[in-house]
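One chain, chain A, links the two complexes that follow: it is found with chain B in the first and with chain C in the second.
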Partner chain A sequence: MSVTTAPGAVRHAAPARTARRMRWWTPYAFLAPYLALFTVFMVVPIGFGFWTSLHEWDINLPAKPFVGLGNYADLFDPGSVDGSRFWMAMRATGIFTVASVPILIVLPLAVALLMNGRFKGRNVYRAVYFAPYVLGVAVVGLLWRYLLDGNIGLVNHYLGLEVQWTTDVPPAWIALVGVTVWWTLGLNSVIFLAGLQDIPRELHEAAMVDGAGPWRRFRAVTLPGLRPVMVFVVNATILASANMFGQSYLITAGAPADQTKTAIYLIAETGLRQFDMGTASAMSFILAAFLMVASALVFGAFRDRRKP
Partner chain B sequence: MTRDLRGLRRALLHLVLAVIAALYLSPLLYMFVTSFKTREAAQSTTPRWIPDPVTTDAYREILSSPDSPVLTWFLNSLLAATGHAVLVLVTAAPAAYALARLRFRLRTPIFSMIVATLFVPPVVLLIPNFLIVNQLAWVDSLPAVIVPAAAGAFGVFFLRQFFLTLPGELEEAAELDGCNRWQIFVSVALPLSKPALATLFLLSFLANWNDFLWPLYVLLSPEALTLPAGLGNFQSANNIRYDLLMAGAVIASVPVLLLYAVAQRWVIEGISRSGLKG
Partner chain C sequence: MTHPLSRRAFLNLSGAAGLTAALAACGGGTRLGTGSTTPTAAAPAFTGGEYTGPKVTLSYWNGFTGGDGPHMRTMIDAFNKEYAGRIEVRNVTRRWEDLYPAMPTAISAGNGPDVAVIHNDWIGTFAVRQVLVPVDDVVGALQLTEGDFIPAVWNAGVYNGKRYSVPLDVHCLGDYYNAAHLEKIGLKEAPGDKAGYEEALAELKKASVAQPFWMPNKWPAHLMFMSLLWQHGGELYSEDGTKALWGSEQGVAALSWMVEQIDKGYSPAKVAIDSQYAAFKNDKVSLTWDGIWQINDLKTNAPSLKWGLAPIPNIGGTPAVWSASHNFVLTSQAGKDPNKVQAAKVFIGHMSRQSTEWAKAGMIPARNSARQAPEVAELPQVKLAADMSVFHFLPALPGVGDVQVKALELAVAKAVLKEAGPADALKEGVATADKLLAENKRKYGQ
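Up next is the complex of A and B:
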């Protein structure tokens, strides 16, 4: 690491006077415990993971032959066993992400708009909608596995249906998306709500004076005011959906025939159950590349066009 | 006229919000109700909202079965989540303080490097972190679920944002009194940051309490599991014993719901604000 940083780069912010009595190593002592963790479990694994992906790596075998990009080539060969499995899992991740993200943006935004005002019971509603997120995916998954049971579940009973939500597609996708919406609606709602409350009231009042109706005000004031929050929520939701694991593990167990087994599920099974860590690492880097492209697209799509 | 209209709109608003609230509360209520049913009643095709007879058999069975040491899982989860949250505070607070309030040569490069990891999808860490944890002989033990996740950048960011807003005058006064940086950090900055520290503790605790994939694969023996991993394994093995599963789910929910009832404001404010200032 370079020690000759331009001094101008660090001059702002901290009060100048306090720097005098400090020994040069004091800040590094403050940072040391965190940086130790950061190095061992964040920086090293990134490099080590890529290194692993270049090998035929089984934790139980002493020999870990270097295969170069062989694992990647294998995964990009749709005729190979690993390749066909992997792209089926990527397809599942893609279906789930595309199906869930729009709903996970629009519904929470609608709920946040409803709650954006002062009225009795507002904090109670907010606390109730947020509760499943606090319970975590294991409880939520177990509960909905029961409610969605094709034979004795409440969902079929009250809807008067006989749908096999946990073992048929497309019903399984509807179930997985629905449970995810139930689970995380409150999370996105409270973030939107905080964003809505940061929009100055005067902007709404000015638009009203100009004769703008509710829809015009939503388009011209609310949405632009929410832009930074929107970028964050869309990005975080895409990443969360693309990493969907617990719902699939607990509710469908990948059924039918691994069609709802997501990429991260396959990566965990391949690397941490079958101990084919080279292939699993290669899979994770391909998935990561897709995720980084998706993030870049989101940032591009929400770029502030008013700035030069 | 407009007053009637406003009243009508308010009533409609409450109606919509109450319907949504019912969609949230009724599944949770049914989970609770089912946990007090007999095995047969839990499997019945006609749902009953009041168990008849009321029984604690499911709790007794799940608590006494060697395959499902729920109380051990509970204790493991409690230890792991507390240990993790403490570790996050102890490491992130001084680091964030240095990045926010101290001037030093490598501040910008170090901060940039921490920022950069926010753009790395965590999935690439899964396999190598398992190998590292295995090298440390932590597989199947609590350090595996306590330590690695504390390397995440969130805590440092969160506290750095807070430390940046502290007024400098108090620190300067403490310095004139002859305090060194560590004393200023401990006796001035930390006491002023109690709300932020409490929020970060809660968020870290909850994140760890709810973590599912990692403990499911890094913990193996029944008595080493955390609650979510234990329930996940238990479900794969007993996927039609809904009475047991719901009893397990209730045991896993009650402590978090109690914590949530006490600290609901902090949790929600902390989460809703943490995303906005990154």
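Up next is the complex of A and C:
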């Protein structure tokens, strides 16, 4: 915007022209449609959510006493009921994120490299990997809940195992991560594939002329070429994993004894089932703070490497 | 240089606008709650007569998603036909666990039910949340009297001296047995005493039913635990609702018996939600405790299975079983329109008189007198109500549902999953429950 950069030198010549061409509010007029949406759908809800989190806010009780940071203090007190439940849920979210994100990066990248090749039936192959993503979480959850059932499920039946996939940890984590990978692998793969196709073929050819083998080309050409895509995928995957709800709601119902009840699950339960919107909002803000830090770390990590 | 200033001014302005909007939104939120205190005064008392006002449509919510649903729909259709042009009842059926969280919010927004069926243990919570309006006059007009009901069912509907419910039915946990399995060990029916029950399990195991009695960790595990607790002579909560008493030695005995079934090999460990019932339907389980409303589901969906229904065995010494009742309630949404109030009361009265018909959906009529009607007395579930004194109910304390979910159900699950011993799990659960009870006391201001 020229408005902000106007130094002294421009003062004499410019005013009349600038004023005619662009009044002070011109940029805001252009921004207005977005700003309106941003205000209605972002600023107001966030502000309202924060306001809610400062109250003992029960949807149906007429009295909504102001409690200041009481809800937050409660959550940071491990001796309180909501505090211990909340940190257990945060732990569950943490475990799931740490376990699922690496797999959801590495596997789709490998699949994308294969998809990128030229071979017969390539489109079918791509479609097959993407297919599960088309299903809704309800379909995926119900399907796998019965497939994975430890006593009457097909998975144990065919593998000849006696593993309680839905009611025991760590098997429940393996099941939840496995289902999520099966379900969402296609999306990351397709994004990686798009990124791979943007890497100029000449770079690979030049590297080949220089005598680089496939591994060396992958490390020196493919990975650096994918960096912008990678930042996006890593960030989006972390956020998606940290927001995991449907899978544990439908497959394990939080079993065993709330150990797989994730933060979002608990927030939904607290706010929408127990009507305790104040506590639920406070939980949301703490979770959001964690996610913002995680995102910042990811961006930081990728930016540092770009420096010479 | 007016530009930067204007920009700042603009930002201030938009910030202020946002804040105003936020505050306005908050104001709205507060009003929602307070708005619901106004109603009822306008409506005249109900005396049991016909509805004479203009045509109204009533939204009617219930959770009859099981074998009981089709039956309720038939009854509604009959009502709508009879009252065509005057009252139209629109039926909304959703699962109980979705219905309860949705109801207060929907009513605040004006999109909820005018009349609904809820369980006895929710009446207190919803009354204090001002979701319901009193129906003393309906009870009077129907000439329902305390003497004709189980006291627990009758009293659950009273909050702060006003009556908020018209009881429709009673239902309880029952012991479903696989008749073909029991035949193998020479039994016609599931045994009703502890020694007989345990012997039957041992025999069944020998008779090649590898695991005859699967122990759930989720629903209905807490119902089994509560039944056993009462059988041992324990209590759930103190009279004034400030202390959880289910961590007593009776509670430990009850929970230990449940865990024992796994240790003895009668149940697999860590049974997943609902799979004990699925396995029963698939002829893999000999005995399973479940609600009597599953009768119609078994009839329809497991036609080849030979099964029977018995009262749950007396393990603890005194016969006792978890029970609940369905109750008609009038909501504060209907309370805003006197015509709706009148129509809803006519509807409730009409349905209440049909409780014998409703019993065919797998329920036990709430009125003692209705249970003696010959067409009801023959129903399989009614024999479970031979002695109503065995029926125990969850107290209608406001907010008791939260305490159950966060403390009792979790403790039972932990013990059955062997994450903790029964005594430790209960001790931890009771500590949580006591905190929540204190919180509820303060919150609901009793």
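In the analysis below, the second predicted complex is superposed on the first by the 262 of 308 C-alpha atoms of A that agree within 3 Å, B and C clash if a C-alpha of one lies under 4 Å from a C-alpha of the other, contacts with A are read in each partner's own complex, and residues count from 1 in each chain.
Everything that follows uses one rule, which is that contacts are C-beta pairs under 8 Å (C-beta built on N, C-alpha and C of every residue); 3 or more make two chains touch, one makes a residue touch a chain.
Model, not experiment: these values are computed from the prediction.
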**OP:** Between chain B and chain C, point out the one touching more chain A residues.
**Re:** B
Original post:
So, does A:R85 touch the first partner chain B, the second partner chain C, both, or neither?
Top reply: second
**OP:** Look at A:G121 in the shared chain and tell me whether it touches chain B only, chain C only, both, or neither; answer first, second, both or neither.
**Re:** first
Original post:
Touching A:D258 in the superposition: chain B (first), chain C (second), both, neither?
Top reply: second
Subject >> Partner chain(s) touched by A:I59 [first = chain B, second = chain C, both, neither] >> reply: both
**OP:** Once the structures are superposed on A, label A:A236 by its partner contacts, choosing first (chain B), second (chain C), both or neither.
**Re:** first
**OP:** Once the structures are superposed on A, label A:A280 by its partner contacts, choosing first (chain B), second (chain C), both or neither.
**Re:** first
Original post:
Looking at the overlay, what does A:Y28 touch: chain B (first), chain C (second), both, or neither?
Top reply: both
**OP:** Considering only the touch criterion stated at the top, classify A:T167 as touching first (chain B), second (chain C), both, or neither.
**Re:** second
**OP:** Please identify the positions on chain A that touch both chain B and chain C, taking each partner from its own complex.
**Re:** 3, 24, 28, 35, 43-44, 48, 52, 59, 145, 149, 151-152, 253, 272-273
Original post:
Which residues, counting only chain B, touch chain A once they are in their complex?
Top reply: 10, 13-14, 16-17, 20-21, 23-25, 27-28, 30-31, 34, 43-47, 90-92, 94-95, 97-110, 113-114, 117, 119-132, 134, 147-153, 156, 164, 168, 171-172, 175, 180-182, 185, 206, 209-210, 212-213, 216-218, 227-229, 231-232, 235-236, 239, 242, 245-246, 248-249, 252-253, 256-257, 260, 264-265, 267-269, 271-273, 275-276, 278
Subject >> Complex interface listing, chain A residues touching chain C >> reply: 3-4, 6, 24-25, 28, 35, 39, 43-44, 47-48, 51-52, 56-64, 80-81, 85, 145, 149-152, 164, 166-168, 253, 255-258, 272-275
Original post:
Can you list the chain C residues touching chain A in their complex?
Top reply: 1-4, 6-7, 10, 14, 17-19, 21-23, 25-26, 29-30, 32-34, 36-37, 100-101, 104-105, 108, 129-131, 214, 217-218, 268-273, 275, 278-279, 282, 284, 402, 406, 410, 413-414, 417, 419, 432, 435-436, 439, 443
Original post:
Mind pulling up the chain A residues that touch chain B in the complex?
Top reply: 1-3, 5, 7, 9-11, 13-19, 21-22, 24, 26-28, 30-31, 33-35, 37-38, 40-46, 48-50, 52, 59, 111, 114-115, 119, 121, 123, 125-132, 134-139, 141-147, 149, 151-152, 154, 157, 182, 187, 190-191, 193-195, 198, 228-229, 232-233, 236, 239, 243, 245-246, 249-250, 253, 263-264, 267-268, 271-273, 277, 280-281, 284-285, 287-288, 291-292, 295
